[in-house]
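Got a structure here, written out as structure tokens. Questions coming.
The letters A, B and C name the chains in turn, as written, and every chain counts its residues from 1.
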Amino acid sequence: MTAQASPPVGPRRSDYPGLGLLRGLLLSEYFVLYLTIAYFAVASFFFPALLEPRNISNQLSNIWPLLAVAIGQTFVIIIAGIDLSLGATMGIASVAGAVVMTSAADKLLLGGSPLWGWALTEQGGVLANHPAALPVAIAAILGTGLVIGLVNGVFIARFKLPPFMMTLVTSMLFAAMAIWLTQSQNIVNLPDSFTNLGNGDIVSVYFGEKLTPEIKRRDILPFVTYPMLISLALAFAAHLLLSRTVFGRQVYAVGNNSRAAQISGVPVRRTILLVFVIAGFCAAVAAILYAARLEAGRPTIGAGSALLDIIGAVVIGGTSLAGGKGKISWTVVGVVFFVLLSNTLNYMRLSAFHIDVVKGLIILAAALLDVLRTRLARMRG
Amino acid sequence: MTDTVLSIRDVGKNFFGVTVLSNVSLDVGRGRVLGLVGQNGAGKSTLMNIVGGNLRSDTGSMEIDGAPYSPASAREAEHRGVAFIHQELNLFSNLSIAENIFISAMPRGPGGLVDRRELRRRTASLLAEVELDLSPDTLVERLSPGERQLVEVTKALQLDANIVIFDEPTTSLTPRETTKLFALIRRLREAGKAVIYISHILADIENLADDVAVLRDGRLVEFGVRADLPAARMINLMLGRDIDQLYPPHKSVAEPAVLLEARALSLRGVIKDVSFSLQRGEVLGFFGLMGAGRTELARILFGLDRFDQGELRINGQPMRNHSAEGAIRAGMAFITENRREEGLMMNASIAENIALASLTELSNLAGVIDGRTLVERAGDFATKLQIKSGAIGATPARSLSGGNQQKVVIAKWLMSRPVIFLLDEPTRGIDVAAKYEIYSIINDLAASGSSVIFISSEIEEVMAMADRILVMRQGEISGEFTRDQFRKEGILRAAFGEQEKVA
Amino acid sequence: MIRASLTGLLLRYTTALIFIAVLLYFGAQAPNFLGPESLANIVKQASFTGVIAIGMTFVLLTAGIDLSVGSNMYLSAMATSAILSNPAMQNAPGVTVAILAGLATGVVFGAVNAFCVVVLRITPFLVTLATMVVGRGLGTAFTESLGIEIPDIFAKFGSWSLFRAPDASMGNPALDYLVALSAALTALPTLTFALVVVCAYIVLSRTQFGRQIYAIGNDAEAARKAGINVDRVLFAAYVICGLGAAIGGVTLISLIGRLNQTFGVGREFNVITAAVLGGTSLFGGVGTALGAVVGSTLVQAVQSGMTFIKVNPYLQPMVMAAVIFMAIFIDALRTSRLEKLRRRMLRAD
């Protein structure tokens, strides 16, 4: 005879009738969408510059790489894990690709690198100016991401290391490795075919009157770009994978109750492993987009507060840290919110340190919202 | 009964609109043992949880020594002199026996530090009371299940409470340990304490109790002096009907074909030399004390744990180092004893739960699943088992009653079309009506050619349902009984492993 | 069976084995590493990590984590140095106030973590990850990323020692060791550490509160049912961890003499490594104060050794990452072994 579960304690809806609306709003799937729209409306009232086409174009270009890596984090958080190594993965993956295809390197800066002399010379990487450079470099970037994901996945799935600790260690390891390989320099002189991936546009618009026959290139604002297509394609594929396939169901099942999932024949270990591999892959895609836009392989791409953006965007989107609940579409909204937030914080002329403070607090708020939502849902059920 | 310590007046309780206890009134006297009996789900635990401060009653009132009593927490109940010895263990394996007993009431010496000598002394004298010959410094992780249960008892003794509640305290005790516990309870009675003793073993009630209260469907159906209530009458009162109506009629449909065969299966420290075979259409009961190795055996058969030695064949195919996926592919299903932890995804919909073990079947070659088909197919099984719920694609499993949750678990396994069912305590914590339905499902499974391994701690249930009973004790099979050999005494004796008068 | 017990032994004594290996390896590479000055220096430096590792042990025992200790050190040291930068405070009472302010900052920082974990029920690693970033951001914004010089009156503390080693050798190597080590062991940071270790040891093993921490780490639900005020104990654990970080920060700053913007960055890694190498489990319920002493000395030995044999500074963090990895990997193996043993309900006869 087991004791029955005690009924949920705490305020009932009837205790605070006025809070019914707030409750409904908090529980709504679209809460963050409403929040984003409201925030945008209010912020653009104070900072009209937000609405300028140039700003919007810039912000869009900030959204796409972040979206790519946040998609990976979404998978991981759905299985109640966390990946703190995605930032470091982006850094070292971008270096791996850049080293392959750079066409010139400075001995003064990079002479101390362990790569110097064999993989990297003054004439650039081994495939410098070679037509195969682009595909090989992209393969190197994606491969790096997959390998790091695999390392995380193996130890978390097979040896049951706590995800946050394991990925903290790989983050430290690969960030240090990227800095060592590059002697903390950027690897520049990348081929145009690669940088086009970051800057190439498909639909661009010129705003204003045509005063001179020639419109300067920088006045034409790109809106539909390669990064946009790449990230949206990744998002769409991830959405289908999560919502339409056996694997997707298994991911949710593992996050919901991994013991029940295991007994029901879900290959729990394999699912966890694959999820971390997917996360590594998404980080690598983001590395391509960032490196192409910066026109450099940069070991510190994902250092500092990038990690906050990657976790914050997913959590504020509504994917639950407790696992079992999350959607790619929520993450899209979360990313838009985070980019918008950074944008307005910049307009407020806050220092980078202040921005870190605000972002840290936003993450705490997002996590608190997650806790509140879970509790509210329990009370209703 | 002249000297009333605890009086309960018209206490009632609802869970989610279901009445689990209504208008119960009882008096417990000083220096007396009250035996509380009833079927699972009759409301015994709910009532005792109200007395113990874990739950609050919706109606009614209580008094201790004439003063109003309505505890808001277990702590408050303890302060009022009520000690509750739970059936499940609440011990910390990384701490010593002494620390476990006094975890929130350690004797302090100078400087607020724990007076370890006093702690040891007090623990030693408590252990002596339950005749447990162990050092107070022994870590709990080194104790056997029976010893742990006795430590749990001493935890309550430490409170020096006036009212002591025992909830099924003997489930993992050996007969020797049981005898010691009974001696202790008699000493408590002589010391003027009021004891409430909950048990399924009516012989123990007859042995110990001065008064008996019988609960059925949340109501008190009888309350009187034990001498007026022989066991046969208690049973009638508990059931409220003939015993035949509690279980569907038994009909053996076993065929000679062997579906599963275990030979000398062993896992060090867990099970030892387990050999048996399971025939098509057979319901094979596994009976034993808690911790006898039944669940562990089921986990090994299902590939959740490995075995070191022996051989396992399913449908003639040898199985070794197989996973749960392999077991499911071989046609097995496992309904575990912990619905909440191992059976259901509480926050996922009923449909998703039902489909979980059949995802591959529901998908096409590319691994794509159509959500609508999934809900439709799951719906067929939900209807078949008469699961009472809202839309199965949107209702989370957590919102269902215990019986309906169990049916969702069964539906999940029916959908994967297995031929061997492992059922581990499938009727625990669900009401009588739902139990009957589950018994009928088991019979239907057997009739359709599936085999069932039915693990239960309720001897009546196993005897009514099984074609054959295997008894386990300390990881080994200690007895085998075919239906014509079913005798309570013999089965219990095999489970306890010692000669003892039982039932 | 022999194999199983061998693994058990290896797992139990890994830290000791690593310790010996580290000493032998670095000693072979650079004999001076085993010299009196070097060892004395390791002992002294280990005390900063060690103090914080003690605090971390409290949190880890509850199956929690505190990633914010590095930022906490920074803010606490900042409070102390900000007060001391006022010339009016550069006297004995001023120093006392400054130290107390530093410790109070650490306690408040810990209380903020505790509030988020206990009251708001946000998962500990996320809370402390956020407070790590927020704390660092606040500190840097406050100092405008400039360094703060520590006045001499306070800087003297860090190098104060009950015994002072004479500069010249005593002629006898054994005596040299003795003198250097006793100077290191009686240096203020080491004495502080020793005091903290003794207090922590007593609290963890001899008080009801300490034993309740172990109980919560073992099974928080059962602890609640056993009448333990789980929230209060958890809250205290995070506050103690904050206090540990502050003690570490304030003593370290007195030795360094200058508060830089990067003070304490990444320190959480060393601290967690030290605690886990000392036998404290990330999964809760297992660990001791003395373990943190061993662990922090080992971590410091590795770091000093790398400096001694001039390992490429770019490679050093990678080596540290490998050490942490080893620590948590062993912890995971140990924990899963314990769990397997726990499942064996039968007594081994």
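The rule is simple: a residue touches a chain if its C-beta (ideal position, glycine included) is under 8 Å from a C-beta of that chain, and two chains touch if they have at least 3 such contacts.
On a predicted model such as this, the values are computed, not experimentally measured, just so you know.
Graph distance from chain A to chain B, where chains that touch are one step apart, equals 1.
Between the chain pairs A-C and B-C, more C-beta pairs are in contact across A-C. Each chain gets one centre point, the mean of its Cα atoms, and the points for chain A and chain B are 47 Å apart.
The mean-CA centres of chain A and chain C are about 33 angstrom from one another, to the nearest whole unit.
With each centre defined as the average position of its C-alpha atoms, the distance from chain B to chain C rounds to 45 Å. Here chain A touches chain B in the complex through residues 1-4, 6-7, 243-247, 249-250, 252-253, 256-257, 259-267, 324-325, 377-378, 381, going by the rule given at the top. Residues 74-75, 78, 86, 90-95, 99, 103-104, 106, 108, 112-114, 116, 141, 144-145, 155, 268-270, 272, 291, 293, 296, 305, 474-475 of chain B are the ones touching chain C in the complex. By the touch criterion stated above, chain C contacts chain A in their complex at residues 65, 67, 116, 120-123, 125-127, 129-134, 136-138, 140-141, 145, 266, 269, 272, 282-283, 312, 314-315, 317-318, 320-322, 324-325, 328-329, 332-333, 335-336. Residues of chain A touching chain C in their complex: 82, 84, 155, 159-162, 164-166, 168-170, 172-173, 175-177, 179-180, 183, 305, 308, 311, 321, 351, 353-357, 359-361, 363-364, 367-368, 371.
Looking at the complex, you find that chain C touches chain B at residues 202, 206-208, 211-212, 214-215, 217-219, 222-223, 225-228, 285-286, 341-348.
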